[in-house]
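Below are structures written as structure tokens.
Look for chain A in each of the two complexes below; its partner is chain B in the first and chain C in the second.
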Partner chain A sequence: MPTQKTLAVTGNTLVAEAIRQCSPDVIPAYPITPQTTVVEELAKFVANGRMHAEYVNVESEHSAMSAAVGASAAGARVATATSSQGLALMWEELHIAAGLRLPIVMFNANRALAAPINIHCDHSDVMGARDTGWIILFAETAQEAYDNTIMSFRIAEHPEVLLPVMTTADGFITTHSIDRAQIMDDETVAAFVGDYEPENALLDFGKPVTHGSFAGLGGPYFEFKNSQRMAIERARDVVKSVGAEWSAITGRPFGMVETWGMEDAETAIVVIGSTAGNARHVARGLRAEGKKVGVVKVRCFRPFPYAELAAALKGVKAVAVMDRSESFGAEGGPLFLEVRSALYDLDERIPVVDYIYGLGGADVKIELIDRVFADLSDIASGTAAPSGLVYLGAR
Partner chain B sequence: MTWDISKIDEWKSDEFPRGAVIPDSGNSRDYVTGGWRSQRPVRDDAKCTQCLFCWIYCPDSSVNVADEKVTDFNLNHCKGCGVCAQVCPADAITMVPEGCELPEVK
Partner chain C sequence: MTTIRELSHREDLLEGGHRLCAGCGASIAVRQVMLGAGGTPVVVGCATGCLEVSTTIYPYSSWKTPFIHNAFENAAATVSGVESAFKGLQRAGKIPADKKAKFIAFGGDGGTYDIGLQSLSGAMERGHDMVYVCYDNGAYMNTGIQRSSATPMGAWATTSEVGSVGQGKPQRRKDLTSIMAAHNIPYVAQASISDWKDLTSKAEKAFAVEGPAFINVFAPCPRGWRIPYDSTVEIAKSAVTSAFWPLFEVVDGEWIYTKRSVTRENRKPIEEFLKPQGRFKHLFKPGNEALLAQVQTEVDRNFDHILKRCGL
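For the complex of A and B:
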């Protein structure tokens, strides 16, 4: 019988609990703000015997992901966590983990990248890793970070997928604020996640295999990449079904795309992560004034839910995309590029405006979201033309 | 298990082992890597003292030995690096320009 406890906790505490409950065999990790309390907790769990994992203290994130790749190829269930510069330092191993089809689960505390030096929230780190072949989940709250992390192990290890999963939460806002959330009992999580049965474990001496082989000029590198694409496409259904299964146990909804007020919305904001709460807060106020506004939150960024997104936005008159990261020189931020591409398949042509916001933890004030909805209302009524990219609230 | 790669050129993307794993051991000798050699070692049996230096030094294990005697070179894997010729104390190995076809090994 699943039993849940309601706690007042930070996102990081809950993520550490989720990882403990999923019983990874190996945790190679290096601390970095604002992920640090996750790996501190995990190290404590191991030291206190609450968790039977091999905790590997490494000298950098490059080594953390290298050790994760090695341990996963050896046949272990592997979890780690990082943030910002740490994720950037892992870059080459991120590709290797995905290419070798190793179901590593990594938590990322979303944080800006230098320069200038900044330790606060934005999505530059994760978005920089969006083409590495990892499945990427975003959380709005500590609760979602917990749920996403537990689901990540099932998604990663699913035989139709076998890809690494990055489960993320907004640095400080979600990782460090005390939030009200529910934690499931250990047994229910263990039963939900199950055991990992690796197919090609290096430590299975009865069945010698090679990981990390060469497929160079004239070799099947191209075909391997095609099979990787097939796997992440198959992950769409797996993300949905694992989400539905966890939802049935917890009573909390999960969607690759989650909507608020979209049944009859005329204008909508598309957003990722913690700012979804600000957007809904403003939207609720506008609804009370009779304005038909909605909010679309993207919870799974890779694979990108383009069909779900197009279905959610069909029929609206103007869309604002809120990007908490840059794609310098592109027409908009990473989310904008995905959203506008997803809308191309609709018959109608919906104006889409991109708002870059909150970089380096810049405050996302209610007035700023007010302004976005006001702009949308002008575009929808034809009194203003859609603008180009806007740095929301920049002086 | 014997991994049959005889039809590898016809495999579709999803027929390759996942993650480029090689699901068997001892098959690197089936993989011909000597294709880019530009010169090959030729051993003069009359000069050779069978000291086995070439066998010890070859970085590609391409000096074939039987009954503790060098027989020939494994040209499927020899890279033509010339290390064997360099270390041979009897000057028994000459590097000659390559121009031959490699035998097809699958």
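For the complex of A and C:
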């Protein structure tokens, strides 16, 4: 019988609990703000004999992911965590982890990238990894960070997928704020996640395999990439089915996209992560005034839920995309580019405006969201033309 | 030390038919080192480089033992991950607690002295039960003979050119073996493919210790050194007899010189090592006498330094 406890905890504490409950065999760890309390908690679990994992105090994030690749190829369940510059330093290895089809699970505390150096939240780090072949999940709350982390192991290790998963939460906002959340009992999580049965493990000495071959002659590289594309496409159904299964156990809904007020919304904000709460808060107030507004939150960014997004936004008169990262020189931030692409196949042409906001932890004040909905209202009523890219709240 | 007769019955874990050049020193180094594992299962990791590229051309593999290539600078970190998986899985009860295995990483000098130094240092400091073997051919051979920090002083390379101003690499070599000894790991050795019994014996010792071990193996590259394909072993031998590459080991901090037949007094002049190699031919041109003398001075200084550490 699943038993849940309600706690007042930070996101990082819950992520560490989730990793402990999923029993990885190896944890290569390197500290970086604001991920540190995750690896500290895990070190305590190991020191207290509450985890069997081999904890590897690597000397850099590059080595963290390199050791994760070695350990995963060896046949171990592997988890690690990072943030910002650390994720950037791993960039080479992120591609290799995905290309070798290794189901590594990594938590990322979303944080700005230098320069100038900044330790606070935005999505520049994760978005920089969006084309590395990893499945990428975003959390709004500590609860979602917990749930996503547990689901990540199931998704990554699914035989139809075998891809690494990055489970993320907003640095400080979600990782360090104390939030109310429910934690599942250890047995239920263990049963849900199950045992990892690796294929082609290096440590299967009876069947020696070569990992990381040179595929530079005669075109097999191209075939490998095609199979990787097919795997992440198959992950769409796996993300949904694993989400449904966890949802049935916990009673908490999961969707690649989550909607609020979209049944009859005329204008909508599309948002990722902790700001979704601010957006719903403002939308609730506007609804009370009789304004038909809605919020769409993207929880799974890779694979990107194009069909779900188009279905949610169909019939809306104007859409605002909130991007917490840049794609300098592009028409908008990474989320904007995906959302506009998702809307292309609809019969009607919906005006879409991109708002770059909250970079480096810049405050996401309620007035700013008010302004976005006000802009949308003007665009929807025809009193204003859709503006291009807006730096929301910039002086 | 295992006898030659016994070694001759051991299986070569690197199968023939790979695409390394004729006369490549790397494959000799690999064979002699792997023989030292003595039948215990071995997982091999390899840095990007000639050895990796030439032995794992998809869909083929020359490796008759589990093998992983990850990237250029992280063979040590990667193998440390494999070794950690072995421990973690043993603790999980998925691998029998009494099961034994060896973990080995190979890297060239570029992947070890230069880009992989941090990864190697970290893995050694953490105390993983693994052996790291550098096959040192003194340049980035896979990308076309570019200079590394292992390239000898005065050597031509495609990024330390010889011209009206440049006369090859102006700097000294990095003393990597001493750097590894400074990690205070149980076993460090310097060996050469020419002294193959010594090499296999050192590999046996490296595999036998609990914890990290490092072996730096001198492994000539005919293509990069501009030498005939059938002179690999001879050139390696003259590196030892000229004291360019002294053979020694550091066992639990104790320095031991293992080539007692080569002494300060009878070491051959460095010309014997340099002259047959096209990469040093400019050193023998009129006007470069001082440079040649400087190379000899540097070799003698290094040799003296090692002998003193060995109490000789």
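Simple rule for what comes next: the second predicted complex is superposed on the first by the 393 of 395 C-alpha atoms of A that agree within 3 Å, B and C clash if a C-alpha of one lies under 4 Å from a C-alpha of the other, contacts with A are read in each partner's own complex, and residues count from 1 in each chain.
Convention: a residue touches a chain if its C-beta (ideal position, glycine included) is under 8 Å from a C-beta of that chain, and two chains touch if they have at least 3 such contacts.
In this text, all values refer to a predicted model and were calculated from it rather than measured experimentally.
Asker: Between chain B (first) and chain C (second), which, if any, makes contact with A:Arg111: first, second, both or neither?
Answerer: neither
Asker: May I ask you to decide whether A:Leu102 touches chain B, chain C, both, or neither, giving the answer as first, second, both or neither?
Answerer: Only chain B is touched by A:Leu102; chain C is not.
Asker: Once the shared chain is lined up, is A:Asn226 touching chain B (first), chain C (second), both, or neither of them?
Answerer: first
Asker: Tell me the contact category for A:Lys317 with respect to chain B and chain C: first, second, both or neither.
Answerer: In the superposition, A:Lys317 touches no partner, neither chain B nor chain C.
Asker: Please name the chain, chain B or chain C, that touches the greater number of residues in chain A.
Answerer: Touching more residues of chain A than the other partner does is C.
Asker: Check the residue A:Arg280 against both partner chains and state whether it touches chain B (first), chain C (second), both, or neither.
Answerer: A:Arg280 sits against neither chain B nor chain C.
Asker: Looking at the overlay, what does A:Arg130 touch: chain B (first), chain C (second), both, or neither?
Answerer: neither
Asker: Looking at the overlay, does A:Pro28 come into contact with chain B only (first), chain C only (second), both, or neither?
Answerer: second
Asker: Just checking: does A:Arg340 make contact with chain B only, chain C only, both, or neither of them? Give me first, second, both or neither.
Answerer: After superposition on chain A, A:Arg340 lies in contact with neither partner.
Asker: Per the contact definition in the header, classify A:Val209: touching chain B only (first), chain C only (second), both, or neither.
Answerer: So A:Val209 meets both chain B and chain C here.
Asker: On chain A, what residues does chain B touch that chain C touches as well?
Answerer: 208-213, 215, 220
Asker: Which residues of chain A touch chain B once you look at their complex with the stated criterion?
Answerer: 99-102, 162, 199-200, 207-213, 215, 220, 223-224, 226-227, 230-231
Asker: Over in the complex, which chain A residues touch chain C? Could you list them?
Answerer: 23-26, 28, 52-54, 56-60, 62-63, 66-76, 78, 92-93, 96, 202-205, 208-217, 220
Asker: Give every residue of chain B touching chain A within the complex, in rising order.
Answerer: Within the complex, chain B contacts chain A at residues 1, 8, 11-14, 16-25.
Asker: Report the residues of chain C in contact with chain A in the complex, numbered from low to high.
Answerer: Per the stated touch rule, the residues are 41, 43, 45, 52-53, 56-59, 61, 63-71, 73-74, 77-82, 84-89, 91-92, 94-95, 101, 118-119, 121-123, 125-126.
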